[in-house]
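Several structures are given next for inspection.
Shared between the two complexes below is subunit A, which pairs with subunit B and subunit C, respectively.
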Partner chain A sequence: MAGHSHFSPANVEEHFEFTSEGKKRVIYAFIAGVVALVLGIYLLSKGEAGGHEVANAGHEAVKAGHEAASEHLSGGAVSHQPAAEEHYDWTNRIWANVWLNAVFFTGIAIIGMFFVSLQYLTKSGWSSVMKRVPEAFPKFLYITLPILLLVFFFKGDAIFHWMHHGVTEVGNENYDKIIAGKSGYLNKTFFLVRLVGFFALWIGLWTVLRKKSLEEDLIGGTDLFTQLVRISTAFIVVFGASSSMFAWDWVMSIDTHWFSTMFGWYMFSSWHVTGLAVITLTILLLKDKGYMAYVNENHLHDLGKLMFAFSIFWTYVWFEQFLLIYYANMPEEIIYFLERWEGHNKIYKTSEILMVFLNFFFPFLVLMTRDAKRTRIFLKIAAFFIIVGHYIDFYQMIMPGVLGGHAGYGLVEFGMVTVFASAFIYIVSDELTKASLIAKNHPFLPEAVHHDI
Partner chain B sequence: MSSTTNYILGVYDDEDEVLHAVSEVKSKGIKIEDVFTPFPIHGLDRAVGHERTRLPIAAFMFGVLGLTCALSLISYTMVFDWPMIIGGKDFFALPNWIPVTFEGTVLFTAFGLVITFCISNNLYPGNQPDLLDLRITDDKFVMAINVDKNKKVSADDIKKALKDSGAIEVNVK
Partner chain C sequence: MSHVVSPIREKLVTGGKSYSDVTHDICKQVEGEPTKEWKWAFGISSIVFIYGAYCLFYTWWQGIGVWGLNKTVGWAWDITNFVWWVGIGHAGTLISAVLLLFRQKWRTSINRSAEAMTIFAVLCAASFILAHMGRPWLAHWALPLPNAFGSLWVNFNSPLVWDVFAISTYLSVSLLFWYMGLVPDLASIRDRATTKGRKFWYGLFSLGWTGSSKTWARYEYMSLILAGISTPLVLSVHTIVSMDFATSVIPGWHTTIFPPYFVAGAIFSGFAMVQTLLLITRVVFKLEDYITIEHIEMMNIVITVTGSVVGIAYLTEFFIAWYSGVEYESYAFINRATGPYWWAYWMMMTCNVISPQLFWSKAIRTNLMVSFFLSIVVNVGMWFERFVIIVTSLHRDYLPSSWAMFSPTMYDIGDYIFSFGLFFTLFFLFAKYLPVVNMAEVKSVMKGVSSNFPEKKKATKKTEE
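The block that comes next holds the complex of A and B.
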């Protein structure tokens, strides 16, 4: 009750301890992931990847699927040939998975920064008790940046159609007029400039924000707060542009012929709700270990509301993109959904249905009531399935364009996601130990401790 | 609040004081009818012991009603009454209808909720609010105690309890 409890910052400092046992468990998970990955790659090289693999059905099935898809294209004006059809190599599946996870986890990491920035920009009080958790996430950008760069340099042509040899060269047998027309934006140099440039801004702004935030613990006062608001404002501006551009660069340009004006929003909303789910899950797991006792059900309620609202926002954007394309019924646009619905021998149809269920109906129904949003177990279940659902969402965005009919859920997929997830947990846990879990001199801390909804 | 009921009113001039007074008065076994304040006070409803509102349930019902009405109307007109082909789609083209269905759901929920809220609070055009004390619309906080519902405690004890808990004046209405 307001006025009763007196909050004194001196006794609230709390340090997360990343115990050697905890480290061991994360490392074991990492090793298990690597083993599964190696086994998966071995099976893949033998042509039997396990899981729901359909690659054995071979090109016939894929072609059949494609013909079924093209029959629907009454216009037939566009010859849509995904990269996968021409240049398929079994190793492509590994690179596609690396790319998928690198993009997915980059998103989670940068949403940590976005969340903190948004709280500063709106001068929100409630979140100041838990801002150290999302603040630790962007550390993982140091891992994903080299991975993205390596895949781009060495295997970019396995992922991006526009990087194939000769597609922009007049007279070449691979010459593609549509791609040549986009080459002003989609070329290796400009792609790299955007990737490295925005990453430098992201990491740079995060480093400054983190430094000032830790300084605040020592000095206090409101000067640092105003500086943090300014840094956050700068980041939001950068992120507004970069999140859209990265959505075009990293994901939309895989289906080079295709485009959607909704795509920037769509990928951002997917990243955002996943990031919120990861923040919530991290806080709940920390609370289970006895940390963050001052984060009570009122703060959890707010996090639950954010997950609920942004699940609906994702659905809105996803459906908006679908509806416009479905309604207009233009062959060059609708191929994207045909590929995912009935193309490629229908291997993506189950994922597509499952994804909409997990990302909309499930959180919508589970998190609807006030009590559910204030109960830890409901939040945990919802957050976990939101993360799984959005992994499948990214799978659906990337795999059909890169692998076509050769994709599946096998040991490679499970191994790769385990490797990335355990690395993420390790890096973030390690970063969490570097500062007090509560920003004890945050000017809004007393407000957050008395948060009551 | 009909005039036949007997109320004892404790008037306070500070929100923190009234919040503390609530638990103090309750601890003496006195049932509080309601507390009137010029602005919302966090934790007051819980302190008084009000039950949570059931408006969200009404909201859900209105939402379901709106969804059903919108879908029924559009499917009756577009499929049964006068089938029309739009954009080469089936008559029963559910994706096309989702925006309308969504709007119908929101519209019914919003209007239904406001109307339910007004009805349950006796708010309708021409109704004169029966204020226990005019100052609750300005800067005073009033704790109302229904004498008839507090048979076990004498009126004098109630008045004393209110005074002790910091009321600046105690009135009977």
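The block that comes next holds the complex of A and C.
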């Protein structure tokens, strides 16, 4: 087999050029996002809000929605008072959006690292030809870390119920016994230690991995490969151990009363499939520009399979969590789904249905056939809608707890996601220019180049 | 699949085997007389089986009152053993289906025995369902069959009924997968047969296999389709088993992480059982060149990963029990770890979470004796896991006046022994009469993964170049 190949490390090296034209486009997109955001904020301050839902739903209607939700609950078993009611301030919607996007894009960035590490750990050959793409993603952690920290410091109480003034203070009118019981874990210091600690470990391990990976291009040999496997293993251990905790911290603790043991893996599965979709989309866009010729339909087929499989995995995790809570129907648990289904004047119901459609039925049907997974346009469509679907998934996780009946899809949402997405594209494109798009001395590269399924 | 293999990968077939060596090495124990070791092993397992069968018969004759159940602990060894065996039955399909989809070439020399083991383990699990019923002759009532009793249907809302569907589907698909994989190998034995009887029987079961390229193409399509069907089944079976508990509102049972965590635990215990069996098989049948240290190491890595996943799930449950602020939930977990069944809990923690961490050391995970010992430790731990979940959650319920302990009777133990007898009797029959390694599939990946493969061709290739 090796006989008829013209492959040699020397002719696979290629460098991505982030052209000034490309930069301009990303910057324009960023500016458009900022404009939309500013306009959205202006409208919000005028009480008009970008979203139709909120515009139509007055305070009364929201209240009614709440009552509809609590009708199903047994008396005072659940003293769940969403933050929105007492502490609502129109600016909360801005902070909720910042938090949502920061968490969502942190996920995409770290899944890049997770993907590369998993390939090293499992000694996968086929993916070695494309590993430089996900390897560039974690650079964006440098952007999301300060954003998360700033929001937490200045507006944490707008996001997290447990940060409200006096909730853990006995005798205070806001005192909440259940939240006070959790304060051993949910307190500012410990939360920050975890947040900074996870980021420090992730960024640290990524920096080492990236450095060794680039060194491999110059030196070659298998020593660096062995070291890369070790770093990857360390990362998988760190990520595995932290995966539930950051999900509890950054998302589950928004609905402070509520709890679910599955939540960590649920959020991970959402991040994971989004990350896979972003990796696929990036590779396809690079291929459109004429780069990465060695990535052929066989590799794309595998990426398609991964998106297909992990969309089903997400559905599995989401559905099991839902089913067990629905079946047992315990007030302290079921509130979560009731709130999203019929609470707040049903403003979340459409998103809930749309999310399940986009995250399960759509990729399941579109990526079912072999041909679809080998055809770029199908992959692009599937990847795009998976990303949109999981954005909505995170919207559903975060917004009801933070904004209650005041959420909606408006200029603020579209502006914010455009700002984050264009920043992500800029940072990742810039990082991609720093190394050959193909890791030419990767010991599994010959396998990847001859990959044929 | 491309045969370009990076030189840094370990060889999966050692000893410079040629294709005919593979056929010979694997067929010889099918074709030869049963060895003395085999006769002893089979004899012992038959005796165990007969003793167990007596206990099971007595259970059926007298009713399940002969078990040690009481009004508080109404479910104990019976369901523990069932879940334990179903869990073990996960590795076969994982190896044959999921590892096929992930193109793991090392699966080819272990999939046959893993699948056989799966089928036998599922049968053992099924025997506990039948034992549970008390009136096994009415077992068909678990199926939604039209009947003459008015509108008498199974309760479709019950996870126990979902279990019946899930496990019977799993058993049939696994059986089909295993048998289809056997067909080319049965044909090899048929073609080599020296006796009339062997030619007839292996010929009958090889379904007229011709070995033409069209047949092979169909074989490959079929493998992929069955792998696609089996993959969700691997997840669904233990998911539904976990729902037997998680859909309830018993503290310690009702927790959303159960489905994936049970699946991880099942793969964990299944791999451990495959490890136990293969470490013996490779020595007894002299298959060290096919089931290499690399294979054993891979399985140990899977055991470490799944063991750690299970460990994270244990800690998550414990943490959330506290975090939830639900008094009953917190108590259930504190009682598990420090109550009268603390020894079962710590047995579980040590065997399942701590012991697999030893495999982080390459010296340990490539050591045959340690691997063998730990593979048994893992399954001891997994038995205790189910016991802990089931019995410790039940034995102290909401009414302290009805708190009780569970002690097994000799029929609890005897029925468990029955399942071992059944399992090993079937496994020894399999090992003697069927090829324990999938010859055809090992040959299909040998190019590239075999040391010195194939010597003659390599020589000619060199001259061509």
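Everything that follows uses one rule, which is that the second predicted complex is superposed on the first by the 444 of 453 C-alpha atoms of A that agree within 3 Å, B and C clash if a C-alpha of one lies under 4 Å from a C-alpha of the other, contacts with A are read in each partner's own complex, and residues count from 1 in each chain.
One rule holds in what follows: contacts are C-beta pairs under 8 Å (C-beta built on N, C-alpha and C of every residue); 3 or more make two chains touch, one makes a residue touch a chain.
These numbers were taken from a predicted model, which means no experiment stands behind them.
By the document's definition of touching, of the two partners only subunit C reaches A:W265; subunit B does not. In the overlay built on the shared chain, the residue A:D452 is in contact with subunit B and with subunit C. Once chain A of one complex is fitted onto chain A of the other, the partner contacts of A:E21 are absent, as it touches neither subunit B nor subunit C. When both complexes are overlaid on chain A, the residue A:Y327 reaches subunit B and subunit C alike. Judged by the touch definition given at the top, the superposed model places A:T369 against subunit B, while subunit C stays out of reach.
Touched residues of subunit A were counted for both subunit B and subunit C, and C has more of them. In the superposed pair of complexes, A:E173 makes contact with neither subunit B nor subunit C.
Residue overlap on subunit A between its contacts with subunit B in one complex and with subunit C in the other: 1-3, 323, 327-328, 450, 452.
Residue ranges of subunit A in contact with subunit C, taken from their complex: 1-3, 122-123, 125-126, 177-178, 181-182, 185, 222, 225, 237, 240-241, 244, 248, 259-265, 305, 312, 316-317, 320-321, 323-325, 327-328, 330, 332, 443-444, 446-447, 449-453.
The touching residues of subunit C, counted against subunit A in their complex, run 1-9, 101-103, 232, 235, 239, 243, 246-249, 254-260, 308-309, 312-313, 316-317, 319-320, 323-326, 461, 465.
Per the touch definition, subunit A reaches subunit B in the complex via residues 1-3, 319, 322-323, 326-329, 368-370, 450, 452.
Taken in their complex, subunit B has these residues touching subunit A: 16, 19-20, 42-43, 47, 52, 56, 60, 87-88, 95-96, 98-99.
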